[in-house]
Amino acid sequence: MAQSEHIAVGVAGATGYAGQELMRLLARHPRARLTAAMGSSASSPHRSLPGLAHLWDGAIVPLDVDLLARDTDAVFLALPEDASADVVPALLERGRRVFDLSGAYRLRDSTQRAHWYPKVAAMPDGSTYGLTEQCRAELPAARLVACPGCYPTPAVLALAPLARAGLIAGDIVIDAKSGVSGAGKKPTERTHFSECHGSVSAYGIFAHRHGAEIEQELGRPVTFVPHLVPLDRGILETIYVRLPAGAGDGAIEAVYREAYASSPFVRLTGADLPTVKQVAWTNFCDIGWKVDAASGRAVIVACIDNLLKGAAGQAVQSFNVAFGFDERTGLWQ
Amino acid sequence: MAQSEHIAVGVAGATGYAGQELMRLLARHPRARLTAAMGSSASSPHRSLPGLAHLWDGAIVPLDVDLLARDTDAVFLALPEDASADVVPALLERGRRVFDLSGAYRLRDSTQRAHWYPKVAAMPDGSTYGLTEQCRAELPAARLVACPGCYPTPAVLALAPLARAGLIAGDIVIDAKSGVSGAGKKPTERTHFSECHGSVSAYGIFAHRHGAEIEQELGRPVTFVPHLVPLDRGILETIYVRLPAGAGDGAIEAVYREAYASSPFVRLTGADLPTVKQVAWTNFCDIGWKVDAASGRAVIVACIDNLLKGAAGQAVQSFNVAFGFDERTGLWQ
Amino acid sequence: MAQSEHIAVGVAGATGYAGQELMRLLARHPRARLTAAMGSSASSPHRSLPGLAHLWDGAIVPLDVDLLARDTDAVFLALPEDASADVVPALLERGRRVFDLSGAYRLRDSTQRAHWYPKVAAMPDGSTYGLTEQCRAELPAARLVACPGCYPTPAVLALAPLARAGLIAGDIVIDAKSGVSGAGKKPTERTHFSECHGSVSAYGIFAHRHGAEIEQELGRPVTFVPHLVPLDRGILETIYVRLPAGAGDGAIEAVYREAYASSPFVRLTGADLPTVKQVAWTNFCDIGWKVDAASGRAVIVACIDNLLKGAAGQAVQSFNVAFGFDERTGLWQ
Amino acid sequence: MAQSEHIAVGVAGATGYAGQELMRLLARHPRARLTAAMGSSASSPHRSLPGLAHLWDGAIVPLDVDLLARDTDAVFLALPEDASADVVPALLERGRRVFDLSGAYRLRDSTQRAHWYPKVAAMPDGSTYGLTEQCRAELPAARLVACPGCYPTPAVLALAPLARAGLIAGDIVIDAKSGVSGAGKKPTERTHFSECHGSVSAYGIFAHRHGAEIEQELGRPVTFVPHLVPLDRGILETIYVRLPAGAGDGAIEAVYREAYASSPFVRLTGADLPTVKQVAWTNFCDIGWKVDAASGRAVIVACIDNLLKGAAGQAVQSFNVAFGFDERTGLWQ
């Protein structure tokens, strides 16, 4: 394949945890050419990204939108939401296709958006909520792909097909357990080793923007409670629903099988419930479930690696579809 | 205080995790005299219980019911349930008061008991479900105290007062996260370091005997899902309920304040949610909660140290009340 | 015992990790009365020290030397070294006895002190290097007890008796593995959960002030390399020496038995090497060893809880001796 | 490339930790075709190797040497040493090239071998100690590649060039810290989660067969002490030596630069010491060092992923060289 057949890609926010994963995925991606990497300060990849030096010999330079637009066809943003809100319009204006990992452009409802992402005035034309399994048809034309948050990814993958099929009766409870890398690279008291080690904590109850994101995608309210657990990478979500009368294990399985028949990164494990360990360092979302036939209660367990399927991996997956590559390109390890 | 004023106590199962904690608590208990310690094989406390050698110079001998009954007034059993079922009748017959940490004698309903603990034919007279905060009045006369399991303790402490006050409408979901010591000291694939480290897993869905135990105490069904998280000691339970119309944060607080006004080991933290770290190595159960006033949904978070308030500490707490000592004796550190 | 027989004690730096342990130990110490607790900002113990609220109902106030001197007989300082250097002279001038957990007053050699603790101009009269097992005789008269650092405590306890007995030939290597709480409570990149979890790192090679402290106590050079390992509490040091010709296992054991015959907090485990788990949450230093008779090489393994025997516990132990109490008072759990 | 240009490879011991990594590496290796996978019992890869099902749809069958020889050109053995000793002669006899990850064929000295691996009577012709960086020239002709243990790999990579260059004066101390996966997949008390979490332990002092292996490769005695630290994957070794008079930092660097100029998997980090985190999930060995010029003492820190460069990755690296492929094939991620 000629060099010109590669897509020139850039990463802004290259030294954060999601950014590092983007760099690692894109540096070895067979259809991408990594032409720009920007961080909050200049550094060599050898120091910031020790796992990358053998794959990429570029330099990480401070964020510069002009430079970023000049050197790339597509841009991945792993920036804080306010920085994304600043940068996205300029990049779109210059015709760059943008894969934004922040939450800035995920909420379509302007009231919700004003509450959670007040810096984002309007949704640009050509915006898509980039859960790849849901938006494949829109991706080739999309200009801005708002890649979902780490918590919404397993929740929506597990619940959206059931909701569409009318298999959810009553309340939805989503109890999420996340590794600490999900809280980012900036040291805080909450993510200090000695505070997390040997502990579990709930946070953001009735007040987490990912709850709003999940509700948008499902079109119904959920009770969503995130927790920090003492591990680095991975999310496990335990989801509690009631099935309508007459529906059981078979109905769930049939809906999932149909929904994900052509989705290589969703693996259905049935009654053999998935664990974080089996998805860590992969782009898979594993989904298992148990039904109590007598009562109609169902418990669904969904797991991802929060930095891959919950961030960088999913962005690359959507990039693949957007540019007409096999969805698995660069991710099928 | 004269030596004769001490209660002579014995521990069977002294080298398991709960047994080690019993030994540690009883060896320094100001009103107990540790006169017998039995394990699955003979050993010195220096080897089996390195933290104890300075407090107790006895020997751990193989389990022998005659010897155990001969040398003690009260006996703590930290044995597998079948072993408890074998030993309890003989000890009661000889007039010993028994504090059983296994599940053998916790379920009053004979159908449930036959299902979960088939070796236990009948509940002896004078049996009490030993959640101290619930059974103080019964303890002085109790012959057999069936100390609650680690998972039921925070669940029942958090839910029983609300259920009695009519504050629970609709389903109850209990999502429990437990440290690995709760699975015991015997090495298994599931508790192998490399399988647990970096992972979270759900298990026992719709099929955990602690679910039956919680339902017995609440008198209503619950959906209970336990999880293993990669830490040693502690349980955090996130509990999801709906309040009846009109009830809110204040109603929950009022019920809890009244229920636990005289319970030194229950700490109410309100909207400042508790974490495992703050109860580890203590006998406290910390309970916090959040209410979404608009929807009536409430989330309650309750934490304990599974080996103390969820096992050895609670047994000693009930022992204190049973023998007329201050409930905090030997536990107030 | 009358209230007046208690020593009025104060803690400065009460909310750091070592300070929290001091508060916990002193609040329940049978011969101390905790009359002042100061931190970098005012707070309630319920919030800063959730494990303490049931034992102590005072308030944590901002550091104020006048207040601290007014209300106390003895003061424990768990402050950064520069803050200690500021506060110690004023407290000594007012006749308070000071137990300083910082490194400020540990180095007697003025050149070394000028290098590592430049703010400390001179050593006050009545200063003692407070490794309790070494300085019992000096403690009753000491005005300022410079409690040793976490790394020097096991190193000096393991090596000083051998050095005095002429049992060390050639180089000394001390490879120390420390839990992350030793790095303090302030969040940093190095102590961020995701950086420590799953990792081990060496630091401070040929440039750690605790190396100078160990060399002072042994009177000879050492190679000391500290490492961060992914746990919260505890230090294990592996110490490599050569024995003089003819000396073997028996010589080491004899020297240790004699040196620590009257030291309840040093436990000798011989060839059954100690682990961090068995000393965590205790004030013990456990020491084990192996000798290769053919070559004369010896490996000594020493473990402590860095926040107890390596900080707060040792300070209280020295306080006990200084005031004529049994050395174990408040520590023998 | 035609199918026939692939090397048909088999894995025995496919479900252990090193075996799983071999399966993962070989299933996606562009020049290998995985034609046989054997374990202690039959199973589907979906259950035993959840991360592999998308890459390989074969079955894991019980170990059968005839079948293994029939279907393969080259065989990787991730078996216990006694099982390797049983299987290797039969495989060699049938002309298969063998990459053995056990220790069975690593020690050339018959006395040492009789002591540590008594089941191995003789070293077959065409045997090579397979530290790839040392044996590249021998690999194309080798019939049996005895891949080094996890502990010897970083030790020998760090020390052999210095020893050859005459840069080591006096004793060598190697203090190794290993993740628990190095102890294998079989549950034991020592590798039980609650025993490892929060602990560090030394073991095998003066009695670890990897010490003998290191001494063989260096041609001189070492003091080697392995430790278990609470993480899953990775080894960090801290190595203590003295340099001859006049030698310093520059001499070490020059020797390393020359030794590893053509070794893509050895990365020299100089005074910026490597950590486990930066090599985990890679086949790199990172080496850093510090020298105290005044005293001539040097400390070298070397890190690997024990399951990759310390096991499966190194075996594949040697396989690549043996069959004439680029050394990085299938490992350069």
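Labels A, B, C and D are assigned to the chains in the order they are written; within every chain, residues are numbered from 1.
Basically, a contact is a pair of C-beta atoms (placed from the backbone, for glycine too) under 8 Å apart; a residue touches a chain by one contact, two chains touch by 3 or more.
Quick caveat: nothing in here was measured; it's all calculated off a predicted structure.
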item: Equivalent interface to A-B, taken from A-D, A-C or C-D so that over half of the residue contact pairs match; value: C-D
item: Remotest chain, chain B as reference, centres from CA atoms; value: D
item: Euclidean distance of C-alpha centroids - chain B vs chain C, Å; value: 36
item: Centroid spacing, where centroids are CA-atom means, of chain B and chain D in whole angstrom; value: 46
item: CA centroid of chain C to CA centroid of chain D, Å; value: 40
item: Two or more partner chains touched - positions in chain A; value: 179, 195, 197-198, 230-232
item: Residues of chain B touching chain C in the complex; value: 28, 47, 50-51, 53-55, 198, 264, 267, 272, 278, 281-282, 286, 332-333
item: In the complex, chain C residues that touch chain D; value: 170-171, 173, 175, 177, 179, 195, 197-203, 205-206, 221, 223, 225, 227, 229-234, 236, 238, 240, 242, 273, 275-277, 280, 290, 292, 295, 297, 299, 301
item: Residues of chain C touching chain A in the complex; value: 17, 179-181, 185, 187-189, 191-198, 230-232
